[in-house]
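For reference, the structures are reproduced in the following blocks.
Two complexes, one shared chain (chain A), two partners (chain B, chain C).
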Partner chain A sequence: MNIALKAKKEKRKKTSQRLLTGTVMLFVFCGFLLLFLQAPSPRTALMMAAVPLGVWAVNTFVPKLFPMDGLLLGLINFLCALGILVQYRYNPARGIAQCLNYSAGLIAMIACTVAVRHIKNWKLLMLPIMAGCCALMALPLIFRAASAGKGATAWVEFGSFRMQPSEIVKIAYLFVLAYFLSRRRVLFSMVFTGLMLGFLVLQRDLGTAAIYGATALVMLYAATSSLLLIGSILGAGVAAVSVLYMLFKNSFFLTVQNRINNWLDPFATYDQLGGGYQIVQSLIAMANGGWWGTGLGLGNAQVIPEFSTDFIFSAVMNEFGLVFSLLVLCVFALIVLRSADIALRSTSAFHAMLALGCAALLAVQTFIIIGGVTKMIPMTGVTVPFLSYGGTSLVSCMGVMGMVQGVASRNERILQEDQQLAEDSEEDMP
Partner chain B sequence: MSSNAYQLLALAARALFLFWGALIVLRAAFNLLAQHRARKRLLRLLPDAGMVGEMRDVESNQAYPLPREGVLGSGRGCDIRLKGLRRRQVNFAYVDGKGILLTPCHRRTDTQLDGEPLRRSAYALHGAILQVGGYTLRIRLFAGLNVPHPAQYQEHWQPAYDDELYAPDETQMQNPYAAYMPWAQAVWPREEGEDAPVFNYAPAPQPMPSQPPQHVYAPPPQQAYMQPSQEEEYPAPLPAPDSGEPFLPEQEQAPAPFDAPRRHRRSDRRREV
Partner chain C sequence: MKQLRKSIRLCALMLAVLMLLPMGYGAYSLLRYGTRWRTSEYNTYLTSMKSGVAAGSIYDRNGVVLAATQTSAAADGTPSFRRVYAQEEAVRRAVVHAVGDTRRNVKNAAESFMAEYLYGANMSFLERLEQSRSGMLRGDDVTLTLDSRLSAYIASVFPENKNGAVVVMNYKTGELYALLSFPNFDPADGTAVTVSQALNRATRWLSAPGSTFKIVTLAAALQNLPDAEARSYQCTGGVSFGEHERTVRDYGGTAHGTLTLKRAFTQSCNSTFAILASEMGDKPLRRTAEAFGIGDDFTFRDLVVENSAFSSSSAALLGADLAWTGAGQNQLALTPLHMCMIAAAVANDGVMMEPKLLLQAVSPAGTQRAAFAPAAYRTALPSGIAATVREYMREVTSSGTGRQAAVSGLSVCCKTGTAEIDTQENDNAWFVGFIENENLPFAVCVVVQDSGTGGSVAAPVAQKIFRYLSGR
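This part shows the complex of A and B:
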């Protein structure tokens, strides 16, 4: 290819990414400027300078040090910056903590990118990874950490440090599924998925179990292209859940039953403990925001008990409005599309399955939580990727995106090699 | 700032946020589309991108593009589909620096690589012949790929040997490598009374397998690379001191010039037109 043409294209691509980065920086800067004008403080002034600069630095320097997809990185940074802004607006301490979580997430993303790009022999790692998955998933059952009143026992506490192992296991789970499905070990993949789902059901973390199950189904279909198999698994799953629900209706699945009742009619259980209070408040907050929102700093989403984690989307909708929230959903859709595109470009089955699994996981998680918040489906305790407060969630989401970045950089490297070989071949021709 | 002024400012800023939000989404969407199109254009220029060569049916001369990784079989999801095979017959994957790793999907299989039954994973190089079902496929790899040249393995190649040590005659006792290295006499001149140097006897030269017909190129038996772990068991050949050419025994001729296929270019299509 003509060198000048190549350079021109590269320049155009860079300019486009710079414009995207610039827009995100302006957005975040103006958000913090408004908060500064509402309540001037040195901390807010610092955030006003630091967050846009951080966005610029990450978007500019990280792809140079570690080959990454610039567009994907820009979109992820926009969502993370929005999350930090909303967290800071309601609780400045949480906003700053979210910045630190983002730094940890960035490290996880880079680590996953490098691992996917450079590790060639995954076979050796599979056994330790699977053993680690089982050990981590068993931790909450052993420790029986806090949050018993909130339905799930998925947390582990070490002093002041809290973590949700099922979020970290997501990354390893995708590696294991992608590896075995790319080698057509369908039965083994199903057994491993069943084991993970068993752990999650024992932890009563049904939202995460739904994410794991749906992701496995998508990957299974991609690997086998057998609708019969998927239909059989779905049928067996529904039958098993129905039987379990009938058997343990008043003991084990009481929380699930409550959540379904809250979903069907949240106003009926509005004033009961564990009732539909959160969903009703979420609906009111979203309705209060209307099409264009109440304005940054003027909303009242703090009346929702879990507004910073599970119901962060309601808080965004309250202050920024329905139209802006739809744009946020578009950003999620673009990230999923880009990940699926990267999966389709991949030349190796393992990497294709990995990127597809990441895209499916992100799509399913976003659908489950936003569907729950908007009362489309029963509410489950899942975080909104990149927006919700929480170190484990942000680290795992960015790790998952790091895997996609690794596949993207590998694709790019192979394409460059092909291009180079074709050019060499052209030069050799008489 | 007073509460009312802030309220006005925040309400006005909603439009700004919305504009920037829309701008981010639109820019990202157009960027995504533009990159997708650019990639498609690039792939049109490089029709062989993602491929490492081809498998050519020797009888029908039909070529099947060989991706970096895939499955050979008759199933719908196979990358190379041939009628009459099992749904999944052989997995193949390009391994940088080694060649095409062929792995049979079933234990009982009639697949053969260069005349040897393919019972476990084995590497195939450029020119290898894969017999699967009723097909005879020749693997052709693109020039420029980082794969060993078949001749590199030929240097290590030893003829078939049935575990019987070759009993050398008197002449060969004096210089066991004489048949292979005529120049060795000059390197190790023998004098009367001097003990014979200790050599690791090379196996007896066996007759070469029957040559295939001229129109079918078949590489010499490549035992060594089919079992890579055995490579180190053979001593590396000594270089000839006076001639710069690589040592090859008389019976073992170097393969034909490396006729690796070239990658296609857009100009090829123009020529065809």
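This part shows the complex of A and C:
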């Protein structure tokens, strides 16, 4: 009886996952078909076949080889496929490069999944991880000092290879926070967070700093359930920012002031250097798209600087319309809810905190950038998870999701072991 | 663990809601500002769209063609389009600020603001298919509320070589019959257009409206000072306010002596209205101004109007600043169109109608895409107060500063204004007024910059417009 019920449930899960995979395949196929009809080329024809097949292969085989949550994987793959489609539509070379980025991301995801599933003794790892975090975060500062302090940058370059350490550190940062918060080491977690924020502010990367800070706050609340604590930290944060503002009014905060002006009235600062040009073009792209979009291949989001990274969502709103964009955000929300569900099924506080932290990071980052391009909040340059062009961004997002997958995988393993135990004892009964 | 799970549930829910917020905000801004953003001068998409579609025609309310597209086939068979404007030069010049031009010198005129219709953005897939079979995409035809003959007539009676604006609207429905700005230009001739020529002074030019604003001060006083009508006022040609003894002077330093409120209004006595404003204080006057739409973020469906301001900040005005505001000066900034709407609200029993420019948009196949429907914008003042203000304004025409706007056999209500601008040699002449007649529900605003008094320069122009409208 029990086994029959389980099999039925399993079957239903399989069906829904197949349905999801099929829908995503159909969607990307139709997308590339449209592009092919507009400008036939063998490359587009190849993509038309390769991307849906890739989605199918990853959705089918990866969970078999490395146990993980198929639904979560399917949702992530939808977003990645959409990202590849939009990148390809504006620049085919970038679309193909994004496929390679995706492969790297997939490897990172599998690595994180396996690590979380199998590593038991995290205590030993904590010290090296934290040291690595600090070293990586210090890299851009050292590079900047070496290049005689030119510009404000969060990037590190080795020849043609560029990376943003703060993207990779995200993964390690979540491990550290989850580990110490699950052990109620609140003060230490806060000090570590403060250190990371300090590095980010020195790198002038306020968007990422906001992501780190907000994620820490969510995890802190989950660990302590104390609104009072969160409130006082927020208060202290506001006070600290005000003091810093007074101190650096004319240097660092000039750019901040700029951003706020661009947010209040981008049309007024349209012609200024670093003015509202991007935001205005983003809003116009959104307005041109309207509710149903201009149609794939018919938009003109390329007028927005950085349209392939920070403003990729404007390109989506432009060609696919606001209704579709809302549904894309719903997919993001589903990923967050699914991650939280996985956190709830976890038996250890560490793994629950880890999955929640990943969900929070994803949600906050999505909110910050999409709120920015719709002029809801001031614009800060961070990437849209899974959609933006770029290897580092994709690797870090897929890595973060890999941690959730690892928790899901571990939950499943423990469940199976328990059932095995129960069945064994049932057999022993008579 | 149990507590942790509870917190996780709460966090997840809040995060999911947080993520959906930007799209909710996006939808809200699309509804509110979408047309404005789409028709912005910075929109390159609009320009690219224009090359593939034959833009629809623009007609005035009597069917006169104001703009149309001429199609000719190039050697390789691809159609090329040329935009042509009304036949008579006088008409072209008179409506250019409302209709616009192909080079988009005039910002947010019908040519760009109604591009959604003119370039067929609302075409359904089937219509697009149907049309592309005939070889060419055609946009919708648009009919404006404008009367081109009236507009050309107004241009002919407006003082020569003066800058300014004229607005004529139906105060019952909000339809704009004329929307003129001077200097104008001819969109058919290819010469360069100056910034001054391109500026639509009726909708985009903010300035102090002078004594025409006393309509608002009067409405505020009638609502906030119970004895305002009963008492008498002393005018010695000027009053001093504040610690710096800054003076509100009457025009030409004229001392009006002892007068009633009505006489102060008809003689446009600055001292009296300065006293009224400072007695009321900032709040009531500002509240009434806000009821008239001053300070609103105007997002009218058919046209872009610059937002008016009561003062440059939200801080309360004091002393001479407040007193001068009551007399229509200081930091007050209104457009001629908004001043016309204010007069129209008084005429329409206190209900301000939304200004409308679009009568209808019709697709090439004949389906109506959009149609005019009158819409109340806001209630500016109670109808009882409006009746009193009308009575005062009638008196301005019969025995006050607006005598030159009087038309025998018509009941004309009006208020003149002479706005002092520091940087100009002469004052700006303002006039707002309307005809009290069920069948001729027209409100008019005339502004002639750098010219003289409202009563001697703007009122005669308005008189001719009233005559024309009533056929007398």
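In this text, the second predicted complex is superposed on the first by the 410 of 430 C-alpha atoms of A that agree within 3 Å, B and C clash if a C-alpha of one lies under 4 Å from a C-alpha of the other, contacts with A are read in each partner's own complex, and residues count from 1 in each chain.
The rule is short, and it goes like this: contacts are C-beta pairs under 8 Å (C-beta built on N, C-alpha and C of every residue); 3 or more make two chains touch, one makes a residue touch a chain.
These numbers come from a predicted model, not from an experiment.
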item: Clash or fit (per the criteria above) of chain B with chain C on chain A; value: fit
item: Which superposed partner A:53 touches (first chain B, second chain C, both, neither); value: neither
item: First (chain B), second (chain C), both or neither touched by A:264; value: neither
item: Inter-chain angle, chain B to chain C through the CA centre of chain A, in degrees rounded to a multiple of 10; value: 140
item: Partner chain in contact with A:317 - chain B first, chain C second, else both or neither; value: second
item: Which superposed partner A:30 touches (first chain B, second chain C, both, neither); value: first
item: Which superposed partner A:283 touches (first chain B, second chain C, both, neither); value: second
item: Chain B versus chain C as contact partner of A:240, first or second or both or neither; value: neither
item: Which of chain B and chain C A:337 touches, first, second, both or neither; value: both
item: Which superposed partner A:366 touches (first chain B, second chain C, both, neither); value: second
item: Touching partner for A:297 - first (chain B), second (chain C), both, neither; value: first
item: Overlay on shared chain A, then closest C-alpha pair between chain B and chain C (Å); value: 5
item: Chain B and chain C footprints on chain A, overlapping residues; value: 225, 330, 337, 341, 349
item: Complex contact set, residues of chain C against chain A; value: 1, 3-9, 11-12, 15-16, 18-23, 25-27, 29-30, 33-35, 37-38, 40, 42-45, 48
item: Residues of chain A touching chain C in the complex; value: 218, 221-223, 225, 267, 270, 280-281, 283-288, 290-291, 294, 299-300, 303, 317, 322, 325-326, 329-330, 332-333, 336-337, 339-341, 343-344, 349, 352-353, 356, 359-360, 363-364, 366-367, 370-371, 374-376
item: Sites on chain A touched by chain B in the complex; value: 1, 9, 13, 16-17, 19-20, 23-24, 26-27, 30-31, 34, 37-38, 71, 74-75, 78, 184, 225, 292-293, 295-298, 320-321, 323-324, 327-328, 330-331, 334, 337-338, 341, 345, 347-349, 414-415, 418-419, 421-422, 424-426, 428-429
item: Chain B residues touching chain A - in the complex, by the definition given at the top; value: 1, 6-7, 9-11, 13-18, 20-25, 27-32, 34-36, 38-39, 42, 45-46, 48-50, 67-69, 76-77, 88, 93, 142-145, 262-263, 265, 267
